[in-house]
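Notes to accompany the following structure.
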Amino acid sequence: MFQRLKPHYDSINEECGIFGIYSNETRDIAKSIYFGLYALQHRGQQSCGIAVTYGDRITYLKDLGLVSEVFDNASLSTLPEGDIALGHVRYAISGEDLACNSQPIVFTGKMGKIALAHNGKLINAAQLREKLISENVVFQTTTGAEVIAALINKYSDNDLIEGIKLAAKELIGSYSFVIMTTNKLIAVRDSHGMCPLVLGKLHDEYIVSSETCGLDSIRAEFVKDIEPGEILVIDSLGTHSHYLDKKPTALCVFEYVYLARPDSTIDGCSVYDVRKESGRILAKNYPVQADIVAGVPDSALVAAVGYSEISGIPYAEALIKNRYVGRTFIQPEQKLREDTVNIKLNAVRANVEGKRVILIDDSIVRGTTSKKIVEMLRFAGAKEVHLRISSPIIPHSCYFGIDTQTKGELIGSTKNTKEICDFIGADSLEFLTIPELEGCCKNCKTNFCVGCFSGKYPMNLDKKEIEKMQHI
Amino acid sequence: MFQRLKPHYDSINEECGIFGIYSNETRDIAKSIYFGLYALQHRGQQSCGIAVTYGDRITYLKDLGLVSEVFDNASLSTLPEGDIALGHVRYAISGEDLACNSQPIVFTGKMGKIALAHNGKLINAAQLREKLISENVVFQTTTGAEVIAALINKYSDNDLIEGIKLAAKELIGSYSFVIMTTNKLIAVRDSHGMCPLVLGKLHDEYIVSSETCGLDSIRAEFVKDIEPGEILVIDSLGTHSHYLDKKPTALCVFEYVYLARPDSTIDGCSVYDVRKESGRILAKNYPVQADIVAGVPDSALVAAVGYSEISGIPYAEALIKNRYVGRTFIQPEQKLREDTVNIKLNAVRANVEGKRVILIDDSIVRGTTSKKIVEMLRFAGAKEVHLRISSPIIPHSCYFGIDTQTKGELIGSTKNTKEICDFIGADSLEFLTIPELEGCCKNCKTNFCVGCFSGKYPMNLDKKEIEKMQHI
Amino acid sequence: MFQRLKPHYDSINEECGIFGIYSNETRDIAKSIYFGLYALQHRGQQSCGIAVTYGDRITYLKDLGLVSEVFDNASLSTLPEGDIALGHVRYAISGEDLACNSQPIVFTGKMGKIALAHNGKLINAAQLREKLISENVVFQTTTGAEVIAALINKYSDNDLIEGIKLAAKELIGSYSFVIMTTNKLIAVRDSHGMCPLVLGKLHDEYIVSSETCGLDSIRAEFVKDIEPGEILVIDSLGTHSHYLDKKPTALCVFEYVYLARPDSTIDGCSVYDVRKESGRILAKNYPVQADIVAGVPDSALVAAVGYSEISGIPYAEALIKNRYVGRTFIQPEQKLREDTVNIKLNAVRANVEGKRVILIDDSIVRGTTSKKIVEMLRFAGAKEVHLRISSPIIPHSCYFGIDTQTKGELIGSTKNTKEICDFIGADSLEFLTIPELEGCCKNCKTNFCVGCFSGKYPMNLDKKEIEKMQHI
Amino acid sequence: MFQRLKPHYDSINEECGIFGIYSNETRDIAKSIYFGLYALQHRGQQSCGIAVTYGDRITYLKDLGLVSEVFDNASLSTLPEGDIALGHVRYAISGEDLACNSQPIVFTGKMGKIALAHNGKLINAAQLREKLISENVVFQTTTGAEVIAALINKYSDNDLIEGIKLAAKELIGSYSFVIMTTNKLIAVRDSHGMCPLVLGKLHDEYIVSSETCGLDSIRAEFVKDIEPGEILVIDSLGTHSHYLDKKPTALCVFEYVYLARPDSTIDGCSVYDVRKESGRILAKNYPVQADIVAGVPDSALVAAVGYSEISGIPYAEALIKNRYVGRTFIQPEQKLREDTVNIKLNAVRANVEGKRVILIDDSIVRGTTSKKIVEMLRFAGAKEVHLRISSPIIPHSCYFGIDTQTKGELIGSTKNTKEICDFIGADSLEFLTIPELEGCCKNCKTNFCVGCFSGKYPMNLDKKEIEKMQHI
């Protein structure tokens, strides 16, 4: 009935966020998870959940919806006080927007009661699942999290760490996951470090969060990034780490471009700084005469400021975003249908009328939204619209969690810059190159996965092999 | 926040209801399941669910709540048209009133996609679960249904029927369950036949239902009772049966006393007839002088009519039940708290004032509600209140699904009839004996489990063995 | 989207229920109103509301829905503690099922803040409304309650009682209403006494309720019926009464037949007794050979018992009502549509198969439901179905609040008993006569309105005049 | 239970938004209203409503909640197709956050059925209400809209325009209101023009909206501002205007500072331009040495850009706003309580650590939020925080609709700039002066009300007289 608003339908989509706490005292720990998930909501709006350990039991609540929809005082009060808790916000990459796929996954297995929350995407999930099924395991969801859970369970004979290490040998893909048992919290980041994960501390509590903005939400201090390949265990003795096999690091560069919040810092490098620098580089390398420079809200505003700084062209807001557009949204009748974007964005006529506008956006996926935005600016009187994109053209699919649509939908897979510019109707269009974007992130301690731009993925698998795995 | 009304808190509690359809054409089959579940709602009010097979997929919707709460046009419309569908209403015997325990259980295993709905209770669920866990299976619910599912999966190598047979060898307890695959519907009733299950037909569809009233709801005709130990398979070839090992039959006699709807017929014997006969026997064997005879609504009204018929004492309604009391209910403030029963029941002063009243009830569990009802009749002016119970005294726990509370709460476990009468404050009290009750059900084709009355259970296990299993 | 179940769509429909409390101490008075409304829910299921006086303010909560839907702990807690409170359940006679028409009506006028709740129907509401509008009053609802409120306000210059008396001179129709100011509660019953209203007492509180079952719900004792024409004022001095002009009494006889709860007593006469007596009279005057006698649940069960008592034919339940059918209900697909009644009622095959059945119902309005029930009994194997109706044939519309549909829909307006019997498909059909029905109510202190049976109404207006008023 | 998030609790609060359409064809007009209200949601988040004229009837739906909460496909579908429709979003200035106060007010009076929606605040509402009550009018809400409705009704004998003119002579205060009858739409703006109101056109439809961004939402073109004192009538003949008495214009200057959306243009002057210019003026007149200049999101971001432009100090975001904070929000436990602002805002450590920050905000009301923000920036490492406010200090209450709290809460009523700076803990603090702010709005065709800054109000009433009126 409702036309649920696909968040950023014509854009890169987020994955998931994880937030866990280990406390030395029993308290209303679910509420702190709630605040952490609020701060990580941008990483997934389709479902969320919180699991709490109390004594030797784990209970949980999870459902489709935003944190503010699933959790209120009434529902939170059904969760007990506890020592350890784990939360998750989910963006359903595979399109399976089912309640049963909400996380954390909570199960009872050889190591007792366990909750697991996962960020990332396994390439070989289908194969692993097939194999486990042949070994009498049954699956009740279609998540990678359940595959990881079953695999760790299989390999854990009296030693969960050993189980994680053995499982990791079989996992191909991106993953940061957190496991909660009845007496410890274990944070794992894959050896490539494709997804971020950080450790924080507040008084006597340790916190694990997908991004530093989660720590800020409860005023916890940042301790360190969980390192690629690290298995960090938090229990009554404090923290101690084990390590997976070492591999070349390959953090998803889109975390900086679009996924993470600008107030987060990942692997030593500020997201805000990367975005501003990307605007500066666009200005240096792709200049154009214009009257104003503007960004598509919210993620490209910072880059626009950077562009303005270098170019000297005044920064101004060309588009205003409606702050009240919810997840569910009624389709306009036919006459208005083409104007859906009007509900979410509106041009600031005062700023664009008669002006040459440089518009910065973070990426172009299918190109249809960009086309509408350019049209909207022209409708409001813009004389020229020059589009600058703070990331490279995307010709290749992502297999590791970023929802870049199927390759056929990627405008970059069939059109070059000139053709895309024509399709969108802009006066000019430029993208950053891969080296330019990597240059913007030079403070980052890890290397990057730029597979969607280059077609080269960190697993030493070529695309054909990956696709074979995907389509069994 | 809400004080959820435990349905019949001081009474025997229902288990579960199952309703499945195999159709030869693809249609909006979920709606027919919806009507069937409506008719079976009395068997479980805590959660419900519907799973639908379409093509090679199974999808489902299940949640806490009544059928009318979980399903409306909007939610039903999220279920696709299909060929086979399976529904369940659940009463949480174990007190684990969790959304995750809703049924059907839907999983993917060695035999592909399967949905399973279960009515009954396994005695050895904990042991089976432990063993399966040691074999790398993980469990995500605390239901017996998941144990049955995992066990069947384990034993099903290319042959689901063989898997069911092998699994059944290990299952100790009561069960009727229905399995839906992507191309067949399989109904299984345990060899004792402890829980009812019937087959119906409507045009080209086969229907499986816990009770015949479910068939009536869609005007399907009754075909036969699924026999104790029968595995009835419905597929494109029609129906064909396999059989489990033969065992002494032992239908739960409480189906007639309280659980089933009076318009249902179980194993050849009308529930209504049994209830009326039980009233007649009470009148013959436990007569008392009085002005009117009345029943506690709704389940004991029929017995009261039978009592009146034999005794010649006029039948009259002494208590009116509020038809609008919902599942959730606000606790009265302290001053009114003792009168909660006032909201649900009200005495008909015109009928009881100055009268000697014979009041029929179906059973006494803890005795507290009976005490309040007697007090209410006296407050309305009854001169005498003689209680007659259409089933025996209950000194023993039920281990097979009937929620007779823990033994300590059973007033029959520590008090004899005279002492119960004193506690309740009635002028006299009589119960049916076990043979008297069995005599009322003489048309039933199966024998009965009367373990809660006699302490002798159908499994040749003594109570100590059972309790040992229960508390691992 | 929902097909809201019209309660008793093919039957007489209830009007409204009122419940008010005057307390000498400030307390959580809204909760007691809540219990009273629960007990009166059968008088109106479309909307409900509670208004509370605290200090010099009145606040309220009202909405569409059942008491259990509109009020829960969260919503009740938004109402303050207070001294006086007034509640209402509403059945929308006029079909205007709008939230704005929920009662109590709360307004500020010449006499300060006032809440008013009304049971009944004004014949000349439209004319009074027109006149008041010409005097600058505006109306925000389409209720008679708002007309009464505006009229009393107009005539109340410093004396609310005088205002009520002057307003009553202009009101033509049926009404019991209760007015709450910031320091008193005033109960008014029209001079004909068409609608019931009683006074009760509990400790230091006075209670006004449409029926005695409302008093029972909070264990208040019955004090007296508010008399026809009485204006009963409850304030800090206790109770004192004023009187409207005397007129012939004319209580709606349908209160006994169908509207009121059987555990209520109206004007000295038990509703239960009337119903049972009506069954006895049917047996005496309209006997027929048969195997069982049964009633349509719930309202005709009592009459069936009376019929059985006199005729000696065994009483048995022929139809079982589903206790879980909610207000909203999904329409079955086409194939099942004719069987909607199957969801609400199911025949007890064991009782009717091969039997000659006497079926008692309380009234026949359009005849379509009776037709379906007879068909259902035959489908279940009944050999004969003899229908006996515990009230007379209805050839005339009711203008005073009973929803007897428009005259064209009344099967009694165009068909005689024989023709109705043919339409319904019964083997025989008999109605009580007006004198027979009045004889059943001989203990009642007031006379009756039997306009819908006789066409003679208590206002000395003939039907043409009334209809003229209705259609301005 | 919920702690509903007061929108901008420590800030200036919005009033209301109006959106009306007159169409020459019957269509699903409510949907267009829905889009318009979405665009005006920032003007009121407490309740909303839509009324539709169809034939000679008006129906409506209104309730507490956001547009996206009150209206979905199911609820919108209960509104019929129509020719004329009127919508409203409301911010409850008086704190009476009641469902009954939702607008439009729909009533039947001398001129037939009418709906009315109001933006603004009457000073003499209480007196007018008293007088109307003495003339037999009753009031069911506590809104000014109902007073305006009753007054117009009183004065409208066969001529609604005459009624509006006579009513306007008695109304003291700010108001833009729109009246819908069954055949016309009438937009009225008070003679001072205190609240904005614009006319637009789309194909054959006329649209009235509080702001131009409402027109943009359905791609209607801007026709003109409704002039101060104009009564614009839209009917089948097109538009034609009548005029109220001429008075000095006095548009609320806060529309530019905070209330309106930056993409709106009011009385010829772009909101965006005013905000940017206010930043420029702050930079010119209140310079300070610093490393970055930032704005408090969202309303002060534009001014920060203007400040940066003139000062040459780099613009950077110092604070990130969580886009997912809903209206209802759970209070953190005690330990976290002081950090609520952390949930809504988070400092960008990368931008502020070790930096001297100039922070622009639009206004200071109580000062408590500013204090927390300054503290948050210091916690993130800011070396200096210089606060610049793009409007003057507020020593006086607003009586015309802006929720500036009671005077006692206004930090500007008891403290001077230096003392406020100390309270907030900033390194320096400066406000714009009244002439400076007026200079920023020099393109506006109307003059301004700056009463909250100057204590001089447009009505030639001094504050004592106003307060006398307010507290009868």
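We just call them A, B, C and D in the order they show up, numbering each chain from 1.
Rule of thumb we're sticking to: a contact is a pair of C-beta atoms (placed from the backbone, for glycine too) under 8 Å apart; a residue touches a chain by one contact, two chains touch by 3 or more.
Please read all numbers here as calculations on a predicted model, not as lab measurements.
Q: Going only through chains that touch each other, how many steps at minimum separate chain B from chain D?
A: 2
Q: Chain B to chain C: how many Å between their CA centres?
A: 36
Q: Mind checking the centre-to-centre distance between chain C and chain D? Centres are C-alpha means, answer in whole Å.
A: 47
Q: Could you state the distance in Å from the CA-based centre of chain A to that of chain C?
A: One centre to the other, that is 60 Å.
Q: At least two other chains touched by the same residue of chain C: list those residues.
A: Residues 1, 74 of chain C touch two or more partner chains.
Q: Chain contact graph: line, ring, star, complete or other?
A: Ring.
Q: Which residues of chain D touch chain C in their complex?
A: Result: residues 1, 74, 77, 100, 105-110, 129, 133-140, 149-150, 153-154 of chain D touch chain C.
Q: List the residues on chain D that touch chain A in their complex, please.
A: Its residues touching chain A are 1-2, 27-28, 31-32, 34-35, 38-39, 41-42, 45, 66-69, 71-74, 76, 213, 216-219, 261-263, 265, 270-273, 276, 298, 301-302, 305, 308-309, 314-317, 320, 322-326, 328-330, 332-333, 336, 339, 342-343, 346-351, 379.
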